[in-house]
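Here come two complexes built around chain A, the first alongside chain B, the second alongside chain C.
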Partner chain A sequence: MTDYRAPIDEMRFVLSEVAGLGRVAALEPYAEATPELVEAVLEQAGRLAAEEIAPLNHPGDRTGSVFENGVVRTPEGFQRAYRHYVEGGWNALPFEPDWGGQGLPWALAIAVSEMWNSANMAFALCPLLTMGAVELLQAHGSAGQKSLYLSRLVSGEWTGTMNLTEPQAGSDVGALKTRAVPAGDGTYRITGQKIFITYGEHDLAENIVHMVLARTPDAPAGTKGISLFIVPKFLPDAEGRPGRRNDLRCASIEHKIGIKASPTCVMAYGDDGGATGFLVGQENRGMEYMFTMMNNARLAVGVQGVAIAERAYQQARDYARQRVQGRALGSRDPAPVAIIGHPDVRRTLLLMKSQTEAARALAYYTVASLDLAKAHPDPGEREHHRTDVVELLTPVVKSWCTDLGVEIASMGVQVHGGMGFIEETGAGQHYRDARINPIYEGTNGIQALDLVGRKIARLEGAPARAFAEEVRGFLRNGSDAGDDLPAIREAVGEGLAAFEAATDWLLESWARNPVEAATGASAYLRALGTLAGGWLLGRGAEAAARRLAEGDGGVGFLKAKIATARFYADAVLPQVGANAATAMRAADSTLALDEAWL
Partner chain B sequence: MTDYRAPIDEMRFVLSEVAGLGRVAALEPYAEATPELVEAVLEQAGRLAAEEIAPLNHPGDRTGSVFENGVVRTPEGFQRAYRHYVEGGWNALPFEPDWGGQGLPWALAIAVSEMWNSANMAFALCPLLTMGAVELLQAHGSAGQKSLYLSRLVSGEWTGTMNLTEPQAGSDVGALKTRAVPAGDGTYRITGQKIFITYGEHDLAENIVHMVLARTPDAPAGTKGISLFIVPKFLPDAEGRPGRRNDLRCASIEHKIGIKASPTCVMAYGDDGGATGFLVGQENRGMEYMFTMMNNARLAVGVQGVAIAERAYQQARDYARQRVQGRALGSRDPAPVAIIGHPDVRRTLLLMKSQTEAARALAYYTVASLDLAKAHPDPGEREHHRTDVVELLTPVVKSWCTDLGVEIASMGVQVHGGMGFIEETGAGQHYRDARINPIYEGTNGIQALDLVGRKIARLEGAPARAFAEEVRGFLRNGSDAGDDLPAIREAVGEGLAAFEAATDWLLESWARNPVEAATGASAYLRALGTLAGGWLLGRGAEAAARRLAEGDGGVGFLKAKIATARFYADAVLPQVGANAATAMRAADSTLALDEAWL
Partner chain C sequence: MKVLVAVKRVIDAYVKVRVKSDGSGVETQNVKMSMNPFCEIAVEEAVRLKEAGVATEIVAVSCGPQQSQETIRTALAMGADRGILVQSDEALEPLAIAKILKAVVDKEQPELVLLGKQAVDNDFGQTGQMLSALLGWSQATYASKIQKADGELTVTREIDGGLETIKVKLPAIVTADLRLNEPRYASLPNIMKAKKKPIDTMSPADLGVDAAPRLSVVKVTEPPARQAGVKVGSVAELVDKLKNEAKVI
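Up next, the complex of A and B:
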């Protein structure tokens, strides 16, 4: 176990030079987000994450959350840390000021969220789910619902959950069976069982606001017959304080591979006749409402991938610095050296570092466009950021960043050698924790289908072409730093050509037969993510070269940004062509084998 | 949790059509290995693995081995299963008949070993370590040592361990400090601490024979001063039965990510003045002796990678067949279908299946050459199989197959969706168990360095050229089956060109600066493994096409072999070029970044 240190220089650099936080802060609603404020926010969040939340990660994994007699106890220290998190106002960062939010850009909030997740992903999940409830109510709640729930959820005083999944309804939400029957007084009686409810029960807050999908008696089948309800653990009393206990309970919690401190609950609604639920918006529009929340949640999960990669990287690098083993290759000196000096360990650390930075760049870049799509005065710009960036790249951030999280955590174990396989080191926890990210909030396979179906084929490739134009803009730029930027541009250019060929194939094959196109979806997504990461690292390198030429400070850091981008171009970008080729070549052979012979 | 079923048809096919077991059985020492006997061995081993050993895998993971008061208790059922394993003569399969072995080919033994490891890797580790002790004593033990220990180890009545690692001496074995002082009576007093000793203490056998590396008082520094000792838990009495307890003990066992049923022990030697050890061979030649065992152990660990991939694949496939979720893409029928019908799940299963079969093909092919290298009457053939196949490919089997084991186990979790993250499913156990394989028996990074340093550069590329010639032979063959074999040949040919370019680069850069070449070692190894797997699947497809043309039975199976090879060619072989490019391009940028900025 080693300490976590928030990579504040890196975050600031990515926000300003890659994500373009300056453009966001230039918009009227975000005028407060000055460089000084950004600095202060990152510093203070980094302190709380490093000093209080991170030290709870490993012990929390050992004990896990515990379920006894219907009560869930989170690990020691979680209550105190959550209190400090709420008291610091951290939960309110990106929300609307009307309800106590600070109204700061999502781009900044996501950097702060990365810190909580690096520090302790199991802890950070609780606010992540609350965020979903806030977004739902901000967008679709009635005035009364907002005044009762929003300020308490924004502050974090109460927490929120998302109740979608049932045993027969996972990826296919439309198959859910939980029932909501009008009680005659405007409320509904909710009965049914929900599974995989993150922080469905816990001891961190005095009330838990469950957002529950259910069907009214005459609802149509499938996703068109789903309604959304607020089902609080304690019904608010006249003063809005937690009053009568609602008819819902946690039936059990899961025994999971990772994020063990985070209780994953089976929730039973209506054992005694029906939990009281309050309809959000109109009946049968629940799925539509849920999607307003889901896209942001997918970005947040993508950032969890970045976060766990960062933590695994820091730990592996620190171990490699202190672990002395073996002499230097090609040296006559028999004295053993720190393993960070061995070429293969260095290569592994650079793969970890460069891909973590590429994933972070893509995530922050996409989230900054979320702010621009929301607040830009020009409708055309809003539309561009929404369609060509946020919608196109959300499934990529979710899948590519979380697949990388798993792969980088696995490399982190490997750098530790035998010690990596021993739980006390902590490297294994990241490997176990990271594995949930490609699964929840829409499996990565579903993200890939969303990308090729809704974001590419449905729009006849327009967002992919807009993306390619952005990349070509980078290729046309003339500035360079030695031979690094030209080499990066060449590798990005190779990748772009492969990506464009794959896009053409995709459009054509989708028109012919969507099943065929879908076989290549995951490889296509991987190609896009890898290319986008290389391009954004390249833009970072360009900015670093410019700042170096201008005699800006932080020479070591700026040179490292260029060197890391160059490594990624050399070592990682060749995968774009391979993934594009796989997507284009393997459709027939994916479908050829008789299912009985799988 | 699902059942394990030994893939006997596949194993027989790979043994006969890819590994060339016929050539091995044609050799005089292996005349017994008739097709009938091979069939019977696979059938019977498959039964024991599936019916008795596999069902212990998941419960064994839950309880783990338990350490209390110096005693290790293995999970319930392990004792009985191990007794049946010994009584069935399974431990003796590949060993010399002089000591009770059955003298069957290693190629057959490795298929059987795959079954034990698929069934229960934590259980199978105990015989795997015993095998190492047998090989050491067969090759280097005195007549007296052989008569005292060998027959009991060959039968499995006693088990063996390998004691190399110490806290400061992991990959760098030469740094070990355990001392061996002559006692004056021909024995030695052993004192020191060893860590990571697999099955160092347990309750499966009446005696444990520790093979311990230690230094005599005047030994030179480093690996040249290491001697090998037999240090039995109980000193054999006059009748060769376990007598006096030796001065050694298990001090603790590790709390690991996976293979929890397998006790990983800290061993303390000589707390009461010194454990009695018996020198094997001569002083200071311990490392040399250890290497006779280590190469086979590396192949065995590679097969563990195949085994866990097979188990994860079977489980994911069976789950995908029974899990019903979502409608078929592009269909108007709203009825939900089994997820095996969804294109991305199919793709994932095919990646699992085709890469598992490719890895198996490479492992069996390499091990068959081990038999040929040992028993072929022609010295030139022996030398060819030893140098161009076994030595070249051993690090590839170890690394590539175990990296695939991790990746395929990870895909297996993903196919399960949310259920994959819940321990009761069992998918997560494979993900956790698989993670040790790239680490132990020489980390995969060390294997890659062994490949490029000793097997390529030192021999000026000769084995790589011989390998390329074999592949070219396949490319020149004319037989085909529709357009599959031509397409496979084209993809293998592309991969071969990239591999040969990378080999040229490697030889040149090693001559210039080994550190530079070493940065590309892992990517080069991955390229070689991926290519070799595609080539051997292609040979299998060729054989399947021939047998189909001859009207041989098993049409469905043979067609599946061709379809699987074709999928691999389309979906996986493009990676060869990417990995070769990475190896060639990234040397400078791997070394460029100042270490302080990692």
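Up next, the complex of A and C:
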């Protein structure tokens, strides 16, 4: 096992040079986010993550959460760590000051969230779900609901859950059957079963606020007939303290291949006549409300992909430095060397490092636009950041970053050799933990469909063209010293051409036959992610070169940024062309095969 | 009771320290720096004294380069009220720091000065004692417990082979040992508040202190690398080696 150290230099660099946190901090609501504050926040959050939360990761995987007599016990140490987290005020970081939030930018929140998730993804899921509940209530709750629930959820004193899935209603949420019947007093009686409810029951907080999707008696079929309810585990009394136990219980928890410390619950509502639920907003608008939360949740899951990749990389790098095996290739010295010296191990570590940094760059860049879309004074700018950046890139951050998380964690196992297959090293845990990310919060296949359908075809390619224009801006910058930046620009330029050709194909084929376009959706998304990552690493390299020329003292780090971007340009960016070609070519053969032949 | 806490910026305890190639010292460029762990314990104790209603104001002082401000900010985020940076780019020795602190004490008039028992960079472990001598104040070093009653402090000290409890009259100097407390994590609201707390900056010259070094470093080297071990064939061979080669028995 290796300790986790938050990559603070890298985070600060990406925030300031790639995501442009300065643009965000220049906006009035985010004026607090000065470089000094960002530094202090990253430092202190990094300490808590490294010292209190990360050491629980491996033991938590070993024991998992335990379900007994209707209650869930989280692994040893989780309660203490969660108390530290809440008492430190970390949960409140990005939320509105009206409810006890600190109102800091999401761009900073996402870096801090990366730390919790690198340290211990199974632990960090609990606050992630609470974040969703806070956003739902901030946007759609009544004044009464806000005052009753928000400050407690913002602080983390209570936690939140999202109850969408039922056995027959997974990706197709519209198929859900949970019923909500008006009780006559303004509340509803909720009955039904929900599955895959993360932290649906646990021992970390005194109350759990379930956000439940259900159908009222005369609701229309499908997603248009779904309403959203607050169903607290304990009904708050007049003073807002947890009071009477609500009619809901955890029926069991799942045995999973990863995130074993995170209890994934089957929740039974209304065994004794109906759980008391409080309608959020209006009836039948639940799905619409959910979507306000879901986009941010998708970005947050994308960052989990980055987080697990970072942890796997740190562990593989440290192992490769200390594992001595085999002599150096081409050397006459018979002494064995650390495996980090072997070319293929080196290549593997570079693939891990460069793609982790590319994924982080894209995630932070996208989230910074979330802040700009919210707070920029110019409506045109707000619209640009919302449509051309956040909406276009959210499915890419979710899918591309989480696919990379799995691939990088797999490479981490490989670097460990035989020991990687042994649980004791902990390399395998990252691989198992990473595997959920491409599945939940909308599978990566659904994300690809969202990208090509809603974000490209429906808007006739406008956001893709705006993105291409941004990339072209980078290509036009010039007058570089050395070979690295010209080579990076060339590789990005080739990728851009391939991406634009694939976009043209997509628009044309979607109009003709969406089924055909959809077969290429995942490859198209991968091309866009890989290209965007290379472009942003290139921008980072540009900034690093500028700082070096200005005599910045961080020579080693800055040179590594340039070398890493160059490696990515040489070794990874060619995949943009391959993925674009796959998207354009494989439709016929995908559809030609009869289902029966599979 | 006003409390002065001295905090030092040192190489982070988790960093693997490298000796400079010319042997003049250790590499500090682009190395992660943090507050000396024993200073953290001193700050924590001051904050606890304030929370218990014993201390009224906590002033965090650091002597060092401009970046020592960050270390002071950390102390402010933990709960200190304001900071003083005595800025100097020279390598400050314990005597110079003790003189600077004495000048600050003369200005600030605290009743208690808390320091770490030593800094993990040079391991001198002298500053508190020297400051006590310069001020003519009582000292209680290596403290693992502090209690205040009637103008006196009862301090439990960690000594070789056990604990010693002494009483010292205020004003006093106390240096913190490892087991005095477990320092808190700075909370997010306190990090944000720390931003607005004042830090005064001055130079040793402003305080009338000559901080010029009295010591010169002759050479800094890495500790010798660990030698490979040998396998012995028998107990007799082991005893023989311990006796005649290692000469330990």
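In the analysis below, the second predicted complex is superposed on the first by the 596 of 598 C-alpha atoms of A that agree within 3 Å, B and C clash if a C-alpha of one lies under 4 Å from a C-alpha of the other, contacts with A are read in each partner's own complex, and residues count from 1 in each chain.
In this text, contacts are C-beta pairs under 8 Å (C-beta built on N, C-alpha and C of every residue); 3 or more make two chains touch, one makes a residue touch a chain.
Since we're looking at a predicted model, the values are computed, not measured.
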Partner chain in contact with A:44 - chain B first, chain C second, else both or neither: second
Partner chain in contact with A:337 - chain B first, chain C second, else both or neither: neither
Which superposed partner A:254 touches (first chain B, second chain C, both, neither): first
Contacts of A:36 with chain B and chain C, given as first, second, both or neither: second
Superposition-derived comparison: chain B or chain C, residues of chain A touched: B
First, second, both or neither for A:554, with chain B first and chain C second: second
Which superposed partner A:468 touches (first chain B, second chain C, both, neither): neither
First, second, both or neither for A:375, with chain B first and chain C second: neither
On chain A, the residue positions that both chain B and chain C contact, one per complex: 556-557
Contacting residues of chain C [partner chain A, same complex]: 14, 29-30, 32, 70, 73-74, 77, 185-192, 194-195
Footprint of chain A on chain B - complex, ascending: 165, 168, 170-172, 175, 195-196, 221-222, 254-258, 317, 324-327, 329-330, 334, 336, 340-350, 353, 406, 410, 413-414, 417-418, 420-424, 428, 431-432, 435-436, 438-440, 443-446, 448-449, 513-515, 518-519, 521-523, 556-557, 559-560, 563-564, 566-567, 569-572, 574-575, 577-579, 581-582, 585-586, 588-598
Of all residues in chain A, those that touch chain C in their complex: 3, 5, 8, 32, 34, 36-37, 39-41, 43-44, 47-48, 52, 84, 87-90, 92-93, 102, 553-557
